[in-house]
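The structure under discussion appears below in the form of structure tokens.
Labels for the chains are A, B, C and D, by order of writing; each one numbers its residues from 1.
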Amino acid sequence: MSVAETIARRVAPQLADGEVANLGIGIPTLVADHLPPGRAVVLQTENGMLGVGPTPTGAAVDPNLVNAGKLPVSELAGASYFSSSASFAMIRGGHVDVAVLGALQVDERGRIANWSVPGRPILGVGGAMDLLVGARRVIVATTHLTKAGEPKLVRACSFPLSAERRVDLVVTEHATFAVDDVDGLTLIELADGTSFEWLCEHTAADFAVARALRRAGA
Amino acid sequence: MPARSSKTLTASAAAALVARGTTVMVGGFGLVGKPLTLVDALLGNDDAHELTVISNNLGEPGRGLGALLCEGRIRKAVGSFFTSNPDAVAAHAAGELEVELLPQGTLAEAIRAGGAGIGAFYVRTAVGTRLADGRELREIDGVPHLLQHALRADVALVRAARADALGNLVYDKTARNFNPDMASAARTVIAEVDEIVEVGALAPGEVVTPHLFVDHLVLAGVAA
Amino acid sequence: MSVAETIARRVAPQLADGEVANLGIGIPTLVADHLPPGRAVVLQTENGMLGVGPTPTGAAVDPNLVNAGKLPVSELAGASYFSSSASFAMIRGGHVDVAVLGALQVDERGRIANWSVPGRPILGVGGAMDLLVGARRVIVATTHLTKAGEPKLVRACSFPLSAERRVDLVVTEHATFAVDDVDGLTLIELADGTSFEWLCEHTAADFAVARALRRAGA
Amino acid sequence: MPARSSKTLTASAAAALVARGTTVMVGGFGLVGKPLTLVDALLGNDDAHELTVISNNLGEPGRGLGALLCEGRIRKAVGSFFTSNPDAVAAHAAGELEVELLPQGTLAEAIRAGGAGIGAFYVRTAVGTRLADGRELREIDGVPHLLQHALRADVALVRAARADALGNLVYDKTARNFNPDMASAARTVIAEVDEIVEVGALAPGEVVTPHLFVDHLVLAGVAA
């Protein structure tokens, strides 16, 4: 299993039965494939659809039926389509239960940077900021380290923040952190094969440790 | 048998309605729901230069709006995600393309507001970020909001699946996206459609864009 | 023919072929019955419909199909239904070509009062103000005098104004006035059987007289 | 065969969700598109007092919201046209009913804004009239606009024609009116429907209110 899939598999159980979820581009999109059997999570995509189904194959691919990553998807029974303004009205208005987003950095208060890189022109933002202010709950799904091997969980983001609002949960291939206003990040789960020492060394943000720290299979 | 409509124009006649220096909205999310016949026809309009384009993206390199960009016809782009076209990044770096970047939801809402006679609105999105720089901040019920003005255009180019002869529009799946919003927010609205059906063939409860918004219809894929 | 129908018949030719019109409650609603044959005026009603057809009879009456006066109407081919917010987005956004409205008073600049009476509590406004700011053209269709015999065209409205925006045309059973920003009211048509002297006596607003003043049959 | 939905409640169970002193939106234009089964069920909820009602009208004497008004359960009404019910005029004169009057379009837009996460907006309607008294005025592009805050409610009672078992809604003709807007703008949304159909029976392009807005479904005309 790839690292991306490992992360997606660790996020999936966090989505409750009947919830409406918006899955961001990249690793978050993979979460749909790892939902526990029988768990009915309804997927919203901000380009204007509720009731997104699995990736189609062959002749079932419809160029007019894509997700926010512009990848082909299918339509489940009970789906609906709507305009961009209606889709973001839904998102901003608090009608989406949970958003799963990627991140470039997470600060120790649980705020994220996921849209812009210092030194490069600001030419893209998409729907991430809307989801961060509007979704009732936000889960970050990210690799623990950047491609260059730097920690993504940092004291303060050096990249521009995507919102003032903190996220609720941060899931990497090595660990899961709950986030609250008092303690910031709290380690609640450590992956099998990851030592606490390794984690401390590769996490630049301060974090608390839950009394009931769990071990989880990768 | 396809229906005849007094609103029908050829793609080139429609493209000729875009004058130098004007503001054009172009529907679509990436290339999905993009009025590509109309965008391609713009290349044949020698007056379509110095345009301000309001569109979520700027196409792909050499395709859709990307082709207009390559020819240096776009002066300014207003949208949410231009990084998907490296030509846009390069044009901006060269000082040839001005960019106004908005969160996607704020963009869509500003277009809707433009069509709905709303002057401006307050939204929480982007508060505390670099996209809030220079923007008016106001607390509403104790929560900081940013002021966003409505967006309007001279011409909107939208893509629908079917029109009836009056100009009522319905859309196909996620090809709907920005199209209904833009169809409300421009002085002249041109819809590219796959098919024009008889009046009465669309159920009144299913019409997404009522005909009073639509000035002209162009058949998709017919270049002349 | 009743006075109301006389007024409606004088308004009808002012609506051009292909225009989208919103007809207010009362006399304005009657305009639909007097459109010249072959003139395709599309009627919008602010409770959420475009393509309003004539009053149905008998079994064709549908309780879910009414105009803004809550009177039964029918559905023409090419009609559409939409929500209240979408309907007023249409109106405010300048997508309705012409509104025909009643008035309690019209001032000499062509501004109207049509929603509230001094001394009575303000408990109803409906969609009149929205139509006055949003319709591209506004035509007033009203009796020349109040039921008490007082002129409705006055120097300044004693009733509260409905908008700052002036209307474009005022049609009564006795006369038609064009309105512009320079001259205010200009008499352009006088009904057969109405003398200029009678009109001056029963019009409290100053008005200009068009060089090409027309006589029109009642 | 009607479909079963986990969102289905009896009218009285739904009415019990309205607590004393809360704000309730009620759809409909006059009695058209009014959730009359739910409104009548409110009469049986002894806790439904001191309500703030957001609704275009207050019913007719003794009918719909008029019946609630007769029983003195409505403390405040927010809407556009209350003069059609003489009881509302009398209650206001007696100091028993507070009224907030908005132009109908501003009312509808404020409800939509409440559901869309828009804090407030600027609108030209009512500028220079007595309804502008005490309101913030601001020029936008040289044109005066009034500030209007969004409206939200604790509970919305709406009327639709059909729901599927997930709660997707479609409406009948002009009975649509305020219902889709209100279905977006309350913490708890209860839809009264003629019929509940199987999931998949409504075409995805025709759904007007997607199911994520709808908490409970009640069958029209079934009082228990």
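By our rule, contacts are C-beta pairs under 8 Å (C-beta built on N, C-alpha and C of every residue); 3 or more make two chains touch, one makes a residue touch a chain.
These numbers come from a predicted model, not from an experiment.
Trainee: Going only through chains that touch each other, how many steps at minimum separate subunit B from subunit C?
Mentor: Steps on the shortest route: 1.
Trainee: Hey, how far is the Cα centre of subunit B from the one of subunit D, in Å?
Mentor: Roughly 33 Å, centre to centre.
Trainee: Quick check: how many Å separate the C-alpha centres of subunit C and subunit D?
Mentor: 29
Trainee: State, to the nearest whole Å, the distance from the C-alpha centre of subunit A to the C-alpha centre of subunit C.
Mentor: Result: the chain centres lie 55 Å from each other.
Trainee: For subunit D, write out the residues touching at least two other chains, lowest number first.
Mentor: Only 109, 112, 116-118, 123-124, 171-173, 204-205, 208 qualify.
Trainee: Among the residues of subunit C, which ones contact at least 2 other chains?
Mentor: 75, 81-82, 88-89, 91-92, 133-134
Trainee: Tell me, which pairs of chains are in touch?
Mentor: A-B, A-D, B-C, B-D, C-D
Trainee: Any idea which subunit A residues touch subunit B in the complex?
Mentor: Interface residues on the subunit A side: 45-49, 62-68, 70, 75, 81-85, 87-89, 91-92, 116, 121-130, 133-134, 160-164.
Trainee: Touching residues of subunit A toward subunit D in the complex: what are they?
Mentor: So the residues of subunit A in touch with subunit D come to 20, 42, 44, 50-51, 75, 77-82, 88-96, 133-134.
Trainee: Hey, which residues of subunit B end up touching subunit C in the complex?
Mentor: 112, 114-118, 164-166, 168, 184-185, 199-200, 202, 204-205, 207, 210-213
Trainee: Please name which positions on subunit D make contact with subunit C in the complex.
Mentor: 29-30, 32-33, 56, 80-84, 88-89, 92-93, 99, 101-109, 111-112, 123-131, 171-181, 208
Trainee: Which of the residues in subunit D end up touching subunit B in this complex?
Mentor: My answer: residues 109, 113, 116-124, 140-141, 143, 145, 149, 170-173, 203-206, 208.
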